[in-house]
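After this come two complexes, each holding subunit A, first together with subunit B and then together with subunit C.
Coming up: the complex of A and B.
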């Protein structure tokens, strides 16, 4: 490994990464932010319009609705995914019969394209043809039937559940990998000292997996803010944009309404909101570490 | 060590060359099949033209066959949304296809940016086509240039299934049916257990063709002219009354309960399956109705409104979204010759026959071209067209810019889904127009 630590090799490895990152990440973000200060339909030249798109944005009730929907999706998805993927990883990390099969089953939704997940869940959640409402009706519990998707209330939560189903296996796998990194002799020592399983988790697993928990949390935050296909497939953002998220509303404004400038201002705000949440999370996590 | 490095470097070089070759290999290969054959690209708004736009596909195939070795048309195909994005990207780097379909709401902006060929030169060089189009191209003239020609002729209205009406013991709708009687009909069909008028809003808010007739019969053309002149607003008495009628239909139970999770194709399926009594659409669905409903199909324009001062004897035979040509064609005589030859064919009698055979009304009129007896849906439309009612120059939704058009769709569905009141829906259209018109700085 000696040769990699030489300065010229470090620079040689660093420059291509920085170059690619700049070309494919930094410049497009910069361009999107630039377009957000313009009036642009995708044709001709953008016309500088200052803060007009941002002023419009904060008066736009549909933007506020899509922000609220995104948060309504984010909170349950974050809590459910973080808690259940961690608990599931603890369970599957034990040498129990059938755990390998269970792992593959739990992971399987993660390999299905999100658009297909959306189609599958339409057949489950649709108020008329969906399995849930039909089962409720069949067992005589028609009163419990809901507009799981397509209404103006439950759609964000339904999307959060679908996202949970889709991501659980993937995040569990990351946690399992983290658990495997903890040396077994620490657990043995704790067992000899009489630590219970809960105490082992509280005082060994969680502190030693802080970086994994942090990675998973950031993956959930960034993932939720990128949910697009699930919303498009289950509700199309409707009725009347009431189930839009920040991303789908930005897409709708940019491409359906050909309002690229306004769409990019929505994308910029989405980017900032997710950065703020990641920042808050990192700050809290860092404080606890100290 | 040194030898390994040399081998590794060579491998990297070979792989990089392979990668670059792979990236560049396809370019240009398909633009010219032989030295003599001129290839023109045709950008179309469906991913699979043979399946989804079979008439256009048949016309292109017939043209290619009769011009083998001389001219060839190749599709650049993608779904409508991707097509729209692709054309904008192509416009930015001057790689627009020689000819392409574009939504009427977007075409004027292409023209304003100098991206489109002025087709008046072509029309004056081809009198037969000019005559056959019979003024249908006027919708795509912005006063400076003829920026497009109609792709097809759209006839839009409401199809109905006679068998369902018979079962429900309800009289068939006629072109003279008033709104109040139409509401009564809706209630009777609903009571008989049918979905009176199938429609879906999910990812398909554009599917509101039957309401174009409503808008026209409440004086859309005059309202729109006033708005364009800065003298009026969408939220005016006529349009409020029009949107109230849509709201009334919803309140009478006209639409499927699951409208918000139904797409256009699902809504059509309800009609095909015999679950819905009526379905608003255009001639592009005729072949499907022939297959599923056969001679039980009927067609009418929709209800007339007694409280409207606008003319009610309005049909909806309008030019569909235009075919436009890249301005770059003007600089290449070979491409221009091939393009004109294709346009001659596309708007010629042979193509019109192919069009009728596929149950699509062509943009042109030729006296000897007609539908066969087994084209029930198309014949139902032809029967209704024979009343000779006048049509607007363009369907109302096709007169708007992309942003306002999108808001119109949202507003119509907002009212029929109970999200907006008619006044709120129209205010949103005014807001969309204001956002677009006013310089934002």
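Coming up: the complex of A and C.
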């Protein structure tokens, strides 16, 4: 190998990748941060405005609203997904007849375009033509009818449920892959020692799956901060931007309002918020390990 | 409770969960055959007659063949570009010798930063870069998609290439291989499994991607499938039947593809996550 490791080969083979990556990923990040310190409407040149955009953020009630919407979407999505995909993995790992087929069915929403997931769920959640409200009415429980989407309260939770539906099978499969890595004789030993099922989950499965649990958690955190199409299709951020999340609000400021500088400061903050949550998660998780 | 009884409960539970997950798909399929009138006035009823009106209307509005053609075109070109680039660069990082061992490590770290970058911070700046470079329409998407996959591909390819034994390269060199022959005839054929994973992962990503497409594509003739799905909402009257028929036409081939390559898709997607 030594003979072929000439410098010109190394450089020549490496350049296409690093150019592609630097031009379309790394430089744009710098540009985004740069634009976030400017006022720019797309016409003429961006004008440097210092921290004005960031100051505006904290006075912008819509930004604060979209931040709280994002959290209202994140917390239920995180808990539902982490708990239920883990339980479902335990259930599907029991080698019950038909569970392979069930697994492939439950996985299927994960391969569908998020935009189509959004469309499908409109027909389930819509207050007028959706399944849920119409079923409630048909069984005489009209009092329980809600504005699942399009109102000013429940939209973030509804989006969390759609995201749960979409990701459940995918994350379950990752947990199953983790479960398969635990050697079977440990369970046999535990069973002989008289451990109940709950005990063996608590004292064997969970401690041995720490790295899988953290993979799944980080996938959920980063995933929720990429939810866009689901909100776009179900509510479009409306009414009056009340159901915007950080991502959709920054998109709409950038591309609908052409307020590019402000839009980029929103995108930067969104990105930082997701990194902070990952950071908090890792800090807590590390502490527990000690 | 007896073991058998328990297993029965588990089986029922699995069945119920599966039905709940699949229900939205069935619902959508059923709605596609109802007229707009029926959807609005009696949402829960079964379609009175299997009306193909929605499909007809959707096909008159949008050229689906063209949507498929565009998506496939973008998919293939982006994959060719990214696989060529990242395979070669990963080969350098994983198998070539450096006097200073820190250099490949640092380059590797640099190449995988992208994994933690959200696409939404990139949309506008990448759009500006494309304007500056004169890249437009489909090509803007091809470069954006190829670049988005560099980090993921590097991670998978480098890890895979590193664990192939060094003796292979030595034997090939002793037999008189030049570097191209080594890469093309020896290493590439041995990398089929990891390339399959990378291809599946990226095909799904590109097929379903919407944010970049919504920013970069201006002409309807360049539209990809996900743009087609959002097309009907643009009109002022919400055409419920049209939207759903359109979605069905986009989703069915995807589900068939999943049915055929199911095992590979599930493996590919989870392998990516576990290694990431």
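Throughout what follows, the second predicted complex is superposed on the first by the 260 of 290 C-alpha atoms of A that agree within 3 Å, B and C clash if a C-alpha of one lies under 4 Å from a C-alpha of the other, contacts with A are read in each partner's own complex, and residues count from 1 in each chain.
What we mean here is this: contacts are C-beta pairs under 8 Å (C-beta built on N, C-alpha and C of every residue); 3 or more make two chains touch, one makes a residue touch a chain.
A quick note: this is a predicted structure, and the numbers were derived from the prediction, not measured.
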Problem set entry | Partner chain in contact with A:150 - subunit B first, subunit C second, else both or neither | first
For this session: Quick one: classify A:255 as touching subunit B (first), subunit C (second), both or neither.
Result: both
For this session: Once the structures are superposed on A, label A:56 by its partner contacts, choosing first (subunit B), second (subunit C), both or neither.
Result: first
Exercise. Who wins on subunit A residues touched, subunit B or subunit C?
Worked result: C
Exercise. With the two structures laid over each other on chain A, which partner does A:134 touch: subunit B (first), subunit C (second), both, or neither?
Worked result: second
For this session: Determine, under the contact definition given at the top, whether A:48 touches first (subunit B), second (subunit C), both, or neither.
Result: first
For this session: Under the contact definition given at the top, report the residues of subunit A touching subunit B in one complex and subunit C in the other.
Result: 128-129, 232, 255
Problem set entry | Touching residues on subunit B, where the partner in the complex is subunit A | 81, 84-85, 88, 91, 106, 109-110, 112-113, 115, 201-205, 257-258, 260-261, 263, 401-403, 406-407, 410, 413-414, 417, 419-420, 432, 435-436, 439-441
Exercise. Subunit A touches which residues of subunit C in the complex?
Worked result: 7, 10-11, 13-15, 17-18, 21-22, 24-25, 27-28, 31, 39-40, 43-44, 81-82, 84-86, 88-89, 91-93, 95-98, 107, 110-111, 113-114, 116-126, 128-129, 133, 143-144, 146-148, 150-151, 154, 166, 169-170, 173, 178-179, 182, 204, 207-208, 210-211, 214-215, 225-226, 229-230, 233, 240, 243-244, 247, 250-251, 254-255, 258, 262, 265-266, 269-270, 273-274, 276
Exercise. What part of subunit A is in contact with subunit C in the complex they form?
Worked result: 1-5, 9-10, 13-14, 16-18, 20-21, 23-29, 31-32, 35, 88, 91-92, 94, 96-99, 101-102, 104-116, 119-121, 123-124, 128-131, 134-135, 138, 165, 168-170, 173-174, 177-178, 212, 215, 219, 222, 225-226, 228-229, 232-233, 247, 250-251, 254-255, 260, 263-264, 267-268, 270-271, 274-275, 278
Exercise. Contact residues on subunit A for subunit B in the complex?
Worked result: 39, 41-44, 47-50, 52-53, 56, 122, 126-129, 149-152, 232, 234-236, 238-242, 252, 255-259, 261-262
